[in-house]
Amino acid sequence: MSVMGSFIISQYVLDHFNFWVAVILMMIGLYAMITKNNLIKKLIGMSIFQTAIILFYVSAGVKEGATIPILEHHAAETEQVAAGDAGAEHGSVVGADHDVSKSSEKAPAHEVHEINPDDYSNPLPHVLMLTAIVVGVATLGVALAVAQVIYKNYGTLEEDEILAKIKAAENDG
Amino acid sequence: MKWIGLIAVIFTGGLLLSAMDDFPNWGDAHSPANSSPVSQYYIEQTMTDSGVPNMVTAVLADYRGYDTMFETVVVLIAGIAIMAILRVAKQVPGGAKPTPAHEVGDQHDIIIGTTCRLLIPVLQLFALYVIAHGHHSPGGGFQGGVILGASFILAAIAKGLDPALQRLPEKRYVKLAFVGVVIYVSFGVACLILGENFLDYGVLHELLPTMSAEEARSHSMLGVEIGVAFTVSMIMFAIYANLASKGELEGGL
Amino acid sequence: MIWQFDILILIFLVVTAVISLQVKDLLAASMVFGTYSFLICLLWAGMGAVDVAFTEATVGAGISAVILIATVYNTRRDSSD
Amino acid sequence: MAEQYPILVLLVLLFGALLVGLSGMADRRVCFPLTVTALGLAVAVSIGILQRVMDGGVIRYFVGGWSRPVGIGIELRIDTINALVLLTVTTVGLLTAIFSFRRVRDDKTEKTPLFYVLYLLLIMGLSGMVITGDAFNLYVLLEVSSLTSYALIAMGKSKRAATAAFSYIIMGTIGASFYLLGVGYLYLRTGTLNMMEIHQAILALDGPSSTIVVAFVLIIVGLMIKMAFFPLFGWLPNAYSYCPSSTSCVVAPLMTKVGVYVMVRMMLTVFGTEWVFSNLQYTQWLVGMAVVAILAGSVMALAQVELKKMFCYLIVAEVGYMVGGAWMANHWGMVGTIYHIMGDAFMTLCMFLAAGIFLKQAGVVRIDQLDGMFRKMPWTMAGFVVGALAMIGIPPTCGFFSKLYLIRGGMESGHWFYVGALLISSLVNAVLFFRIFEIAYFGKNPAEGHAAHHEEPSVQPVIKEAHPSSLIPLYLTAAIILLLGLFNGQIVELIEHSLNGVQVIGTEILVEKGGQG
């Protein structure tokens, strides 16, 4: 039974631990966005919610044992030469193959004959999340500006006090 | 409200977790996302397409450059929006400005001032390095732009907002922020004029005969990143300057 | 990456998130939020997303925290929850 | 150049915004002509796109030329539905820009260029959302349009504009984040972001996948927040009624409609109607929600005393029409929804333009302040009447025909509650608008009228007919409402053309149609 239990834990928690924590953080952020009374707290919750989504995406792009999505520098140099030559010769595919094989002969320590996709983590989620981070800070900035205007108008950042003041103003006018 | 929120959150969390057993395992190199032709193409072909080792930069500025253009626009919008929201409508703009802050040294600590004077050039140099070296190492227009903006913010914190705004007045930073987007878009429009699709940098090699299409891509990415850096750095400073002074651009923290 | 390290950061993340939302002092909340951003940036660096980590370090831990503090400075520091 | 049209729409608007920003800071007077020129060009290009789509079928435009494995770059994909909605978006933008002429003249502040920059970028974001074929690109453009609309709403002079904008930011961010999360779930299972490729991958999946279901729910819920569908509409009335007229005239007609359009696009292109209508049994449930939305929106509209607030609740009801029509799993329901996206955009625009003119000329906020308007502002009322008749659904306006298609869809698919709700809502609209006509034509009852007369002696002499720059867009809108109604056959033909192209009709409807024909 305990074996079964640990199996289930490993299956459902450890294998997806990042996803679990991402979901937990999302829920913390969402809960704060909906229920917090202070507007700044709502915005901190919003930022946590957004970073949790980013964590989710980045977790989706991870490969076990893979390195960062930047080609090895040595490989990069030889490949760049190959690419440059290929462009000049107008025979891109043949030229590239030729040069790469030559360079791998020169430097056998680095196996640059072919780029194995499994060796590099998936770059696409990273790109998407760069965008999402920037969008997040843009939203935060605009929201903080609005919060300052609210503070100027009502002298408070507590939602219940603002609502009370709005009610009072409506009854007066 | 608390209960509604809690129920909504638990419901959402349950929904999100309910799909968890259908997920590929964490770190699985053969999950649909990681083994899709799109991702494989980026990893395998970036070098041959543009010769940029940092795939993230290549995807950001070239393959999905259209997204990045709008991302830059989002940053621009944030800056404009904050100015528009916080600025109290003045019928007569400008007028007699209050005396510039002559008491800079009195108000602010000499240790902080000296440290910042030493730190800011290094920060700015590093920012430029990050922008320019984005092809080969982590970094690029956004990161470099934010660091550059942070160096201005540091100056504004250390010496007060007014001296910082004297060096970089509002008109100038807004203009530079727009110029950044103009730089980005003009790369795309140049491709249009040369008869290819928008942002198809490869065709730009026709402008310089010695350049190959791959080099043209690589260099255009750098150009685009510089445009991004302009916008991002100026807008980051604008956001800080406006938020710190309640939109009045005087006093500050 | 080392999974023990990963799990440690993930737990700290949840802790800092809860603290930054529970602290009644908004300045402290902003600072803890900066810590949160920094931790998540460490996590992404560990997962191989160096560009994302770099951006989060500059944007999340840097600019976000600064503009939050600027707003708190211009409004009120205490919060009811 | 013609093959570059899809990108040109956005570029014209973006360049317009950049030019306004760069030159408008120095000289405020260039803002208005630049804005109108940019929007005019955008309308012209969208007409060109519509022409091309009608002649040559679906346009696929690969930004950056990355077309080889589809999905590495970003694809813009335009069929007749997009082209029609795009034309609607740019036209509404142009009309409202003309309407905002008075703002520049009266409002001599440094905010004017900022307003026009945000305005143009809002239209650009919405146009981009309409034509994109990439799920993540849609998110970026969604944020472009959301951020600009937050700012435009928060710029309002009313004290409550800021609070309304804040709750809009919170709700809008939750919606956009849900959408982003849904795209993330889709990406996790399909490995691509291109809408057509996602569709192919979903079709190729072996067996049901809970990830796709969750992705679907997240995306639809996110979009429902954005389009203010019934239980999630709380942010809308305040946000749209406390902002400046020129903002509400563009935000109210477009934001919710583009949200509905994106939902339709998700159903048609991304998930595919086969999957949506056969693998899921939610359609009944969602139509039921739409019925509640229609009834609730109508009832709450009845309870309002403020003109703009009333229109806002009518928007909630109209969103109910469209969501219900889209989820009936019926050909005519879908046609009616898409037709109604266009029609309702202009109807709402007409309402808000008229409300803006009333507010500007006579300071009218509440409905009872409208008394005697037929006498005081006959020209404005003429335009308003056309819009009101369209809202009620009287032929030959577009409102009549969209309701006709929706009711036909509801009857064919047996959603009688929906048909009933639609009729009740039309009745409520009739009551609402005839009440306004009555007040505006006959005035209130003498005692009240007398009291009101005493209240506003200072306002009385100010009321005069609206400026031509306000009347022209109103009349153009009224004309478009009539034209949309008169040419409904051709428009529906165009919509059907695309629906056949992407197989809108669920399997059971195919069978049903086969049985009929």
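For reference, chains read A, B, C and D in written order, and residue numbers begin at 1 within each chain.
The rule is short, and it goes like this: a residue touches a chain if its C-beta (ideal position, glycine included) is under 8 Å from a C-beta of that chain, and two chains touch if they have at least 3 such contacts.
Remember, it's a predicted structure, so these values are computed and weren't measured experimentally.
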* Which pair, A-B or A-D, has more C-beta contacts? -> A-B
* Asked: Distance from the CA centroid of chain C to that of chain D, rounded to the nearest Å?
  -> 38
* **chain A-chain B separation of Cα centroids, rounded to whole Å** => 15
* To do: Could you give the separation in Å between the centres of chain B and chain D, each centre being the mean of its C-alpha atoms?
  => 31
* Asked: Multi-chain contacts in chain D: which residues touch at least two other chains?
  -> 136, 140, 143, 147, 150-151, 154, 162, 181, 187-188, 193
* Structure fact -> Multi-chain touching residues of chain B, meaning two or more other chains, are 16, 21, 23, 31, 33-35, 38-39, 42, 54, 56, 60, 64, 67, 71, 74, 77-78, 81-82, 85, 138, 142, 239, 243, 246
* Structure fact -> For chain C, residue numbers touching 2 or more other chains are 50-51, 55, 59, 63, 67, 70-71, 74
* All pairs of touching chains, each written as two labels joined by a dash -> A-B, A-C, A-D, B-C, B-D
* Could you pull out which chain A residues touch chain D in their complex? => 26, 30, 33, 39, 42, 46, 49-50, 53, 56-57, 60, 124-125, 128, 131-132, 135, 138-139, 142-143, 145-147, 149-150, 153-154, 162, 166, 169
* To do: Using the touch definition up top, name the residues of chain C that touch chain A in the complex.
  => 6-7, 10, 13-14, 17-18, 20-21, 26, 29-30, 33, 36-37, 40, 43-44, 47-52, 55-56, 59-60, 63-64, 67-68, 70-72, 74-76, 79-81
* Structure fact -> In their shared complex, chain B is touched by residues of chain D numbered 4, 7, 11, 14-15, 18, 21-22, 25, 61-66, 69, 71-74, 107-111, 114-115, 117-118, 121, 124-125, 128, 134, 136-137, 140-141, 143-144, 147-148, 150-151, 154-155, 157, 162, 181, 185, 187-193, 201, 209-211, 213-215, 217-218
* Which chain B residues qualify as touching chain D in the complex? -> 15-16, 18-19, 21-24, 31-39, 41-42, 62-67, 70-71, 73-74, 77-78, 80-85, 87, 89-91, 93, 171, 174-175, 178-179, 181-182, 185, 188-189, 192, 196-202
* Structure fact -> The residues of chain B that touch chain C in their complex are 54, 56-57, 60, 130, 138-140, 142-143, 146-147, 149-150, 153, 236, 239-240, 243-244, 246, 253
